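Consider the two complexes below, in which subunit A is the common component and subunit B and subunit C are the respective partners.
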Partner chain A sequence: MISQFLVCPFDEQLLSALSGRSVVVRIDDIRELSRVEEVLERNRSHLHCLVIESDASVVSLRYQESWSHIPIALFSPELGRFRDLAGQLGVLRKLNLRVYLPSDRAASFASLRVLSSLGIESALVFSKEGLDWERVADLMTYALLGQRPRAGIAPFNYVASRYQHERRTDFGAVYFDDPHTYLHVGAGGCVALSDADLKAGVYLAESVEELNNIENHQKFRAHEGRWREFFLKTDGCAYCPGWRICLGKHADTVERDPGCREFFAEFLDSVEQHQSLTSKGKLVWQP
Partner chain B sequence: MSESSPDDVLSWENLIYLADFLEASDEHNFRMLGGEPTLHPDFNDMVLYVLERGFAVTVFTSGIMAERTLLEAHELFKDLRFERLSFVCNINDPTEPSSSTAEVESVTRFLKLFGDRVIPGFNIYRTDFDLEFLFQWINTFGLRRNIRLGLTHPILGRSNAFIDLADVDVVVARIFSYTPLLERLRITIGLDCGFPLCRFRDEQLAWLYRFTGGHSDFGCGPVLDIGPDMTVWPCFPLSSFQQKSIFEFNSLREVEKYYVDIHNKIRIEAGGIFKECDACLFREDKICKGGCLAHNLSRFQNEVRVRMDEVYL
Partner chain C sequence: MATLILKATEKCNSNCYYCDVVTKQHTGTSMTLEVLETCFKRINAFLQADPHEKVDILWHGGEPLLVGPEFYESAAEFQQEHCAGTKDRISHSVQTNLTCFHEGFLRPFARLGITSLGTSYDPDPNMRGPGVPRDSETYNSRFMEALALVEHRQLAWGVIYVVTKRSMARPLDLFFFLTNLTIGKGFNMNPVLIYDDRRQDVAISPKEYADFLGAVFPSWWRDRHRYPDVQPFKGLVNSIIHGNKSLACMDSGDCTYDHVNVAPDGSTSQCGRSADWGLLDYGNIADRPLADILRDEKRRQLDERVQLLPRGECDRCRFWDICHGGCPLDAYAKHKSFMHKSEWCDAKRGFLEQYFEPITGARFEGAVVS
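Presenting the complex of A and B:
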């Protein structure tokens, strides 16, 4: 048995092969939602989360209160006009929903604040190139140190709620990119450590049959120790003050865009400040 | 939602910060001023957002706005209660040469749609002002039957039309010349800040008490304005005086205290707008604040710099 959730496309045959498991199903059309539910019920599978990768703005989709029991991760290019959001806020607040918006659109930074301030969980999706780290830092400060309690913005609140100074904190799970929590299964049944690996054809296993023993798989174990490679470089990411929460996620671009160093150092400081502000004080012995 | 905002336009990020700031300060009213706030490209959406945050919104407007903004606003807000969204509309006399036909048409278009949630305002900047057109508009458009009367004061560091201190008596007399009409039409008046108590006779004060339920205030204190760049200043006439950034404060109370302290220091230099203010018992008892501080400060700017630093621009 494996502990990971399996991320896969909505493919009835594949879902049948994953019968009885906990799955994350990806769809790109919200109208497929009820069909996904039917198929999963038939296969007695557990839906950990439904990922909707939409090309449309958040407000252009029509939400239903009856979906409140379905965990939804909605990836959208933009929020849309506030007046269109206002009409659906009542329903949106009742949903088990996190809205993901991309960092390469300037409007996302305001939109994430709007959603958060109105009680809707959200997440910033980091683009690979051209990140405006100053805006990311402002958003992080808003999320962690703002004046009013509000819904979390991932990965900031995710890290703040899990960070322990003596350990590494990986926020990859926010984006279903952490093999300890999620494994990715392609339509043909191939298993990969990440969506990127799946797309690149780098598989952990060729078939879902091999899933049960996956953690003993050589490639999986090799991935486990991959973070140590950063310590082999004398000026690598491991020497950055923000290493414990970044874990080299921007190693490919740091030479061209070193702004990540400053950001993650500030992020770490803010996380510690956030924790000190929200800590419950001394805990005495418990019976 | 727009991609980015120029510096002279309030951004969504700053709007949200201000909503948080006011909420944390336990303030439940959100007042939007300008310039002309309806010119903001996201005006209607921002009002909706602030309403959604639970604030009551008051918009200070000239009523001159783009037709599209107006029609959208009507569609979005027509069902709201007055207590949730109101407008204070400073209305100019349409017979004044400075009022163009297009402006008057725009204002009347606004009043036709939003009249029942408009508190009419009138700024007095000359002694021979006329309020009768306002009475007519109140009846025609169903405006709220309370006129906010503002006495114009010098704007520190700028040249503007304002009522000379020697003419305050004339202004007060002119206001009270309308009392028979006000009574007959059942319209009340509200005095904005900076009216000095001593310029009202006892029978005028009695009339004010009777017809405003004792709500008249002869005050002058910080009525905080926050700009799109998050600069804060004590009030409109002092818009270039002792500016700070809102980010330097943790609550509205802190900002108010900061400016009240400055007000108090200036009142030590000169108690009020008249010489008699220094020894006035009503000022001492804080029944009257001694008129608008902008008058005192304007006077100081032209003197030799011998006073405390805070009083200078």
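Presenting the complex of A and C:
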């Protein structure tokens, strides 16, 4: 029995085959949510998270307080008008929700601050090209070094809460991209280590049933050891001070855009600063 | 604690550019089981005679894994057979390039209580590897494959990085490379030791080594909590700031009566280099008890050196307590005599005075830190 959560599309036949498992179901229309619940209940499956990949802005969707027990990852292109949020704020705050906004829209950086200050968990989705690392660094600093209580912004707070100097820190799980935590299942039941592999037809197994001892599976172990490939190169990510929390996630673009190096070095410093701030209670003059 | 450097073999599967093993004349022999068995008999007799003593065996080479897992199975058998009452006072470690490591070694290593492997690595192309030119690509890939197995089997490991002239071009990059590679582990930055004129393109002077360390030290010092086990920095901080002297053999000044190198044919000497250079011959382990080898008369010259230097070349050197004139073999390489300080003292002194003390704010005055 594998311990990973299975990320899959909303497909009733597939979910029936995954009966009894912990799943992450992907939908693109929030109105399908109730139907997903019904199917999972029928199959006695556990919903780890519902991923909603919506084309609509966050504020344009209609939320219900009755969803408060459902973990939701909402991928949206934009927040929408701030003032339109007011009417749904009470409900949104009650939901088990993380809002994902893309880095290739300048407005996302302000929107993520707004969401954070309103107490709504959020995440920045890094674009592959043209990242404005200065903006990312500003957002990271806001997320980690602000003194006011507010909701976390991933991956910054995710890394800050998990980082230990004696191990590598992988924030891929924020984006369901970490085979230690998530495996991806296609409509036909094939299993892949990542969504990218699934789309590329690179499968780990033909079905979940084949994966009883995944820790010793050759492809899984090969994937687990992929970090070592950076150390076979005479240049690149292995020489970066921030590699231990990045693990080469921007290796494909670093030659064209080396800003990630400076960012992740700064991110690492801020993580440690955040940890030192939060580990010591502040003592003022009062005896 | 007696340290036995057991050279399982003088063979090596690599042709590392800076390695002295490949240049020495008497390569190619491996330890016979007869010699191996004798070693354990001698160790047992030594430990039986002194219940407070311990023995640390360092398996070395050449490449010590070239002899195969069967050799270490035999070692475990001999230890079991001959050291039944003393084996709890015997510890083992291995210094290997890892490229021959495979599943077959797990059992004998477990039987010997080996839970940690010492290794070395260099990302610089054609620096390490078999053949001419050195096939570092294959070598490093094999290293990484073995490392995957080492980690999968939860063995600890640490790395020695050899600082060469090529390292001088980008000290900080290399530092981050090593810290990333060894997260949760440790590494040591040692200067390359070149004794001929043939490889001067990689040789470095003591000053260059000091400058390499000096280029790295500010980053380490600032984030030392992040990179806790980086040598020689950690050892110097422990010795100078915390007052807990933890000196390597070359700095301790007390290797005289507790180190012995056993070559594949059983001949003994102080260490690997003294054996390679035909110095400090303490006889064959087949002919002498270990206790006699560890008290050999020839060792006295090393003791005399430690008495002589503070009255001579090291007079008034405030770093004596953490250096002791450095390694006597390094002194010999330069002066053909042990009775001098090592030229690498200048590297240590230069690094401490120019970088360590100004950056840390600590000043070492003999045994006292101000």
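Keep this in mind: the second predicted complex is superposed on the first by the 278 of 287 C-alpha atoms of A that agree within 3 Å, B and C clash if a C-alpha of one lies under 4 Å from a C-alpha of the other, contacts with A are read in each partner's own complex, and residues count from 1 in each chain.
Just so we're on the same page, a contact is a pair of C-beta atoms (placed from the backbone, for glycine too) under 8 Å apart; a residue touches a chain by one contact, two chains touch by 3 or more.
The structure displayed is predicted, hence computed values, not measured ones.
Bringing the complexes onto one copy of subunit A puts subunit B beside subunit C with no clash. Residue contacts after overlaying the shared chain place A:I120 against neither subunit B nor subunit C. In the superposition on chain A, contact is made by A:A107 with subunit B only, not with subunit C. Applying the stated contact rule after C-alpha superposition, one finds that A:R81 touches subunit B and leaves subunit C untouched.
Touch criterion not met for A:I153: it reaches neither subunit B nor subunit C.
After overlaying the two complexes on the shared chain, residue contacts for A:L183 are found with neither subunit B nor subunit C. After superposition on chain A, the vertex angle at the CA centre of subunit A, spanning the CA centres of subunit B and subunit C, is 110 degrees to the nearest 10.
In the superposition on chain A, A:G225 makes contact with subunit C only, while subunit B stays out of contact range.
In the superposition on chain A, A:P241 makes contact with subunit C only, while subunit B stays out of contact range. Of the two partner chains placed by the overlay, neither subunit B nor subunit C lies in contact with A:V36. Our summary of the superposed model lists a minimum C-alpha distance of 25 Å between subunit B and subunit C.
In the three-chain superposition model, subunit A touches subunit B and subunit C at no common residue.
Within the complex formed with subunit C, the subunit A residues making contact are 165-168, 221, 225, 228-234, 238-241, 243-244, 268, 272. In the complex of the two chains, the subunit A residues touching subunit B come out as 78-83, 86, 89, 105-107, 109-111, 113-114, 117-118, 138, 142, 146-148. Partner subunit A is touched in their complex by these residues of subunit C: 121, 123-125, 137, 140-141, 144, 147-148, 152, 170, 173-174, 176-177, 179-181, 183-184, 219, 223, 225-228.
Residues 1-4, 11-13, 16-17, 19-21, 23-24, 42, 44-46, 48-49, 52-53, 76, 250 of subunit B touch subunit A in their complex.
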